[in-house]
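In the two complexes below, chain A is the common chain; its partner is chain B in one and chain C in the other.
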Partner chain A sequence: MSTQAAPAGAPAPADSARARRLTEWVFRVRELGIIVALGLLILVTGILEPRFLDTDSLRNLALNASIFAVLAAGQTLVLVTRNVDLSVGSVLGLSAYLAGDLLSKHPGMALPLVFLLGMALGAACGLLNGVLVTWGQVPALVVTLGTLYVFRGIAFLWTDGSQVNAETLPDPFLDLGTDSLVGVPILVIIALVVLLLVGQWLRDFRAGRELYAIGSNPDGARLAGVRSERRVLSAFVLAGALAGLGGVLFTARFGTVDATAGVGYELTVIAAAVIGGVAIFGGTGSVYGAGLGALLLGTITSSLIVLKVEAFWQQAAIGALLLLAIAFDRLVGLRVDAALRRRSARRAA
Partner chain B sequence: MSRAAAPLLELRDATKSYGAVRALRDGNLAVGSGEVRALMGENGAGKSTIVKVLGGVVRRDAGSMLVDGQPVDFHSPHDARDAGIAVIYQEPTLFPDLSIAENVVMGYHPLGALRRIDRGEMHRRVQALLDRLGVRLDPERPVRGLSIADQQIVEIAKALSFEARVLIMDEPTAALSGPEVERLFSVVRTLREEGAAILFISHRLDEVFAIADSVTVMRDGAVVHDAQIAAITPDELVRRMVGRELSALFPKQRTEVGETVLKVHRLTREGVFFDISFEVRAGEIVALAGLVGAGRSEVARAVFGIDKQDAGHVELAGRELPPGKPLAAMRAGIGFVPEDRRQQGLIMDLSIARNATLTRMGTLARAGLIRSAAEHVLAREWATRLQLKFHRLDDPAAFLSGGNQQKVVLAKWLSTEPKLLIVDEPTRGIDVGTKAEVHRLLSELAGQGVAVLMISSELPEVLGMADRVLVMHEGRLAQEFSRAEADEESVIRAASGRAKAAA
Partner chain C sequence: MPPDTDVPQTAAAAAATPAAPAPEARGGRLRSLLGGWEALLVGLIVVMIVVGQSLSPEFLTADSFTTGSLDLSEVALMALALTLVIIAAEIDLSVASVLALSSAVMADLWNRGLPLELIMPICIALGALCGVFNGMLVTRLGLPSLAVTIGTLALFRGFAYVVIGDESVTDFPVTWTDRGFGNFAGTFIPNTIVLFAILAIAFAVLLHATPFGRSIYAIGANEEASYFSGLRVKRIKLLLFTLSGAVAALAGIVISLRNSTAAANVGQGFELTAITAVLLGGVSIFGGRGTIVGVILALFLLGGIQKALLLSESISSYWIQIVTGALLVGSVLGPNIARRVAESRRRRSSQHPEEGQAP
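So, the complex of A and B:
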């Protein structure tokens, strides 16, 4: 059987291997592209305004990006499943106020407990999102647009116009937002650990791979025996928990929290993920890309501020970057498709 | 042939309704260890519903299901899989963004330390499976861009990836070429010897007689016949399926061949097809034959302007068509019935009426608004002419069986009164009865002076319907045959590239 079975295309494995290398290369070039853009941006801004390259300034850059990177990691989990979580900014606001409120009333509270409570609150919000999306069968865009307003509304009710001030917060907590460990800001370390954990989970664990499968072909995932509802639910809960973590970090970093903490973050976070190569229609992308996207966005904002560019142009720059990233994806995607198609056609012929 | 006492898998008196439509009644079926059972019936006969019930995709309304004589109840495909039932579904269920290996093992990745995925083991395992199927595919390659045949192979590998005791195959051979089908069958025979129970759905009679031990025939949602394959003839099988004698599958009319309608001149698309020139005249049915992947569909897509050619041009009735503009092709009078009706031919969520009249929206609209009354009138007219079987015209097209879906696609194009109709695999996955109807329709159209370009992988269809046969091999036109010249052997020889000298 096997002797006469060999298909006509003898160079098939080589073609196939080339096809594989091609796609791998595209993903590498994608993350590399962001790093290059990042380097150029820092370099050019540094030349125009040397103060930008101060340790303090770069430190601030990394600190600002950290919170966004944590949120972007959570957002990636949801995006990969062909869903979206628009409520992360509001969830961050809730848990930021929770952390501030708890610590200003009970300054002696154990910090790990504060983190845990903040994340639990976030996870609860994520659970609500997830339940509505999976069991309620309502599109995530609609559900999380609704909860964006609901959670923010709760924050306004709860704070009742008051705000938490840095003076009322215990120093050890505020130090988390500014201190360093062997030269690296603690916030950055936390963000890196989150990225690494989520990245590994997505890459090397069944549950993580199933998220990609769900995003790549929802019906197919179900037929393959993937318990899609459960997986999507867990993605929302994790994204919520990470937004909760982001909220606690927000309070530690800025000290002052009111009901508007994190307003508009959701769009920045989604933009970061998309710029980092996470497909809005699911199935592809990594948290590392999303993290890099967050860093690039943060750097652009900072560099435009340093260069005293008007706020309007900052937004326009982010928009342009987003469009550029999407155009790049599309272009490369088309070329890869064409290349894969050619190889496949030759093989089948 | 029943070598085991209790059947491995048994369905008793199962029923399933979708709304008012009873998709399945009297669902009685048993497959024993070491048995290959064919499940046959026209489209819409309820075969796919049985497959979905057995695979845990839908739950039966009544009746019982037994595995090893024990009653079971599946709530999801996961449960079915845990019970050792593997299903190859008709529609592709692959993940285009992931590698072949991951597609095969999804949800059941081999795990290493700390429950991490053992990629080395995963690739080894999948490589072994692909070797067993005799295909040269790289497990680490993404599925995106694979040909339909290769995708089907991945589906099969997926179903074979775990120790399934029951293998259910819903038309696994539809996209496969001869040698690939042979390899699949040798794997099936091995599984049978190992004691697996296999349920095999196919519309190809020769395949059923080649591989099956027994056959279950369904008609109108019910099991109507159960026989050992040795005790039934092909003719009787067809009669049981359609419930009537089939006089002629290919009712070819004599037609007057008129002016040249389509002229394709040196059409080339890099890496896909090269230097393709041919003509189709009014009243003529020209078949494009060849193996899957020879570039036939791609030529058709380029003619209709879906893909842009790199060189060459297309003329319709003497006027050159702008490349890459399907709308211009439509306006010039080309109708296109694509190969994949689910994805390209129909909008599954839209109503039957809307689908059937999509190409006529302009004439149905008054002041930019479509009048649903006019839409229904037109749709009903075509539904009657094509003998469409439907519940309500407002039902989504997804509710129809494959053959009836194809009729809706045909209606959509016929209502535009095309000069040239391109049909790509017009009867793929369509039952025998509807097949003959589609053939009759195409023949009638040609009789009315429409030029028909037909792509088909089914030789009897090509030989039975075509006035001329163009055979493609590896992206080139290998040979042309007149109706009189064309026979099975010479077409196969040309398609497999063994007749170049003769051309």
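So, the complex of A and C:
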């Protein structure tokens, strides 16, 4: 578990600009690779089964992927800091039920307030995770495995076997899950806005860059004056808030919610992020890649269904794709490492 | 991790009682084996038994032990091999999927008319093969086992569905299903738990009394140092993943016979329960620390809590998940806090406030 697919070692200062260009190039290739794979998949499926390219079918595909994309964006924030959040599925379940419960009891409630409350609940869950990881110094894998159970158990206690039905929810809310704005589904717009905000924050803001620093070298980051604990805490809170948002979107999209909403999502979300080039041991990857990973996973699922390939192959395909992605990252990482080493050796000579 | 605290705690204890004679190496080892975390688990088990009995008079009965332990037997089997993997600082999330694949292949081969006596070794060999696959990706390609086994978690479960679809097979011969479900020689101990006990002894000996076992600790504590001191790190890790796969496949056979049902959807989420048991047993997620005894105690504790809450009429069984999760986090958090309190007390007594830290 010691290796990392990232060209983390910084070469001689003179090379840093070229090295950065090289790593940026690798990233672009990585994301481009997913886009090409996506294009090929859609094209081949479309040729074999033209109905796949219907607007309805493509719309459904985008709708399904958007909730996962929101979750994957949150997961990226945590993964980049060399932590992991296994509790996303349970947090989604809690906030999905909260949204459904609130709206079925108070149908007149302002929708932004529902979103806010859902995200606040998620952020509170994330805060608990983050506090346990930073202040409690408990490994994130242990904390979030524990809270995966705790949050899900609370959801079961809270719902007590009941469920929220779509009929009891106000129409404007359910419309959010199906309606479009200038041809683009609202859910997709929300997901894109989230990806863009989080992506730019990670890319251009000091706090975002510091998350990468923490992930690629925790001790180094601390020595360089990064307030690691506070940053990691904020990553968990943000990831929780995004899982909360995902929960509200889940309710808007599916209408029927019980305590099992989002069971098992954590692995799909992590798979999406890793397929999108986010290293599981921190320091590398972008939110856009993770979003593309979510879209690719969703597309594979839909295209297998459309092609009437037995649905049973679906999980095997996702697993194989994940293994391919990490193997690819590893090989590219080794190459880049070797290239950087050669280059700095040449400079030194 | 819980055992991490052993060092400062024993150091503090030694400092507190300077007059006490230095314990012999052997006594020290025995104490470190049974002391600390394991003692705490025993204490928790006592609390669990008292509370469980007060929740339901049926708790402390042979019948409740039989059903309670039967429910946890597959997780218990998988936790044994997983303990070794985690001590070597790796992880195997694919165990429950290997279990499902083994169950599905068992069903398929049975449908094709093979005898069960032949099917079972094939399933175990297949599980070992799954483990080899994980191990190869981790050791030869150098991929992180967390990512690899999340991938094979989906892959192997997917294969299970490909093999058998959503069908299930329920017509296994009664002699074998009776063996899976029955008790050992007229006692209240299920056969599956006897199997677990045999394997537990084997794994305990392997881990604690052989050079191979010591090398697992060495690899978990410091992989590089182990490599440079001549341990065949990659081969040992490959072997551990293989073992984990084979035991998971065995658990797949057990669950199929015990429920007289083989299907692809069995054991969903068991990997998390198994990891919970291992970590609760005091095994460090960073490797290098932990004992089989601790894991067995943790399994006993988890099983007891489950059974107590299931039997209780006043408390909802939904609390099982909450208590399990809280115990898992608490098992690491508690010692961490205790260490901090001890450290700050020591700092205060030595009057060096410059190390003051935000709480």
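Note that the second predicted complex is superposed on the first by the 327 of 349 C-alpha atoms of A that agree within 3 Å, B and C clash if a C-alpha of one lies under 4 Å from a C-alpha of the other, contacts with A are read in each partner's own complex, and residues count from 1 in each chain.
Everything that follows uses one rule, which is that a residue touches a chain if its C-beta (ideal position, glycine included) is under 8 Å from a C-beta of that chain, and two chains touch if they have at least 3 such contacts.
If you're wondering where the values come from, they're calculated on a predicted model, not measured in any experiment.
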Which of chain B and chain C A:209 touches, first, second, both or neither: first
Touching partner for A:280 - first (chain B), second (chain C), both, neither: second
A:225 touches, of chain B and chain C: first, second, both or neither? first
Contacts of A:147 with chain B and chain C, given as first, second, both or neither: second
Touching partner for A:180 - first (chain B), second (chain C), both, neither: neither
Contacts of A:165 with chain B and chain C, given as first, second, both or neither: neither
Footprint overlap on chain A, where chain B in one structure and chain C in the other make contact: 1-2, 4
Chain A-touching residues of chain B, taken from the complex the two chains share: 55, 57, 76-78, 80-81, 87, 89, 91-99, 102, 106-109, 111, 115-117, 134-138, 140-142, 144-147, 149-150, 158, 179, 182-183, 186, 270-272, 291-295, 298, 473-475, 497
Footprint of chain A on chain C - complex, ascending: 1, 89-91, 137, 141-148, 150-159, 161-162, 165-166, 223, 264, 268-269, 272, 275-276, 279, 285-286, 316, 318-329, 332-333, 336-337
Complex contact set, residues of chain A against chain C: 1-4, 84, 132, 136-139, 141-143, 145-154, 156-157, 160, 264, 267, 270-271, 274, 280-281, 310-320, 322-323, 326-327, 330
Sites on chain A touched by chain B in the complex: 1-2, 4-9, 12-13, 16-17, 19-20, 23, 204-206, 209-210, 212-213, 215-217, 219-227, 279, 283-284, 336-337, 339-349
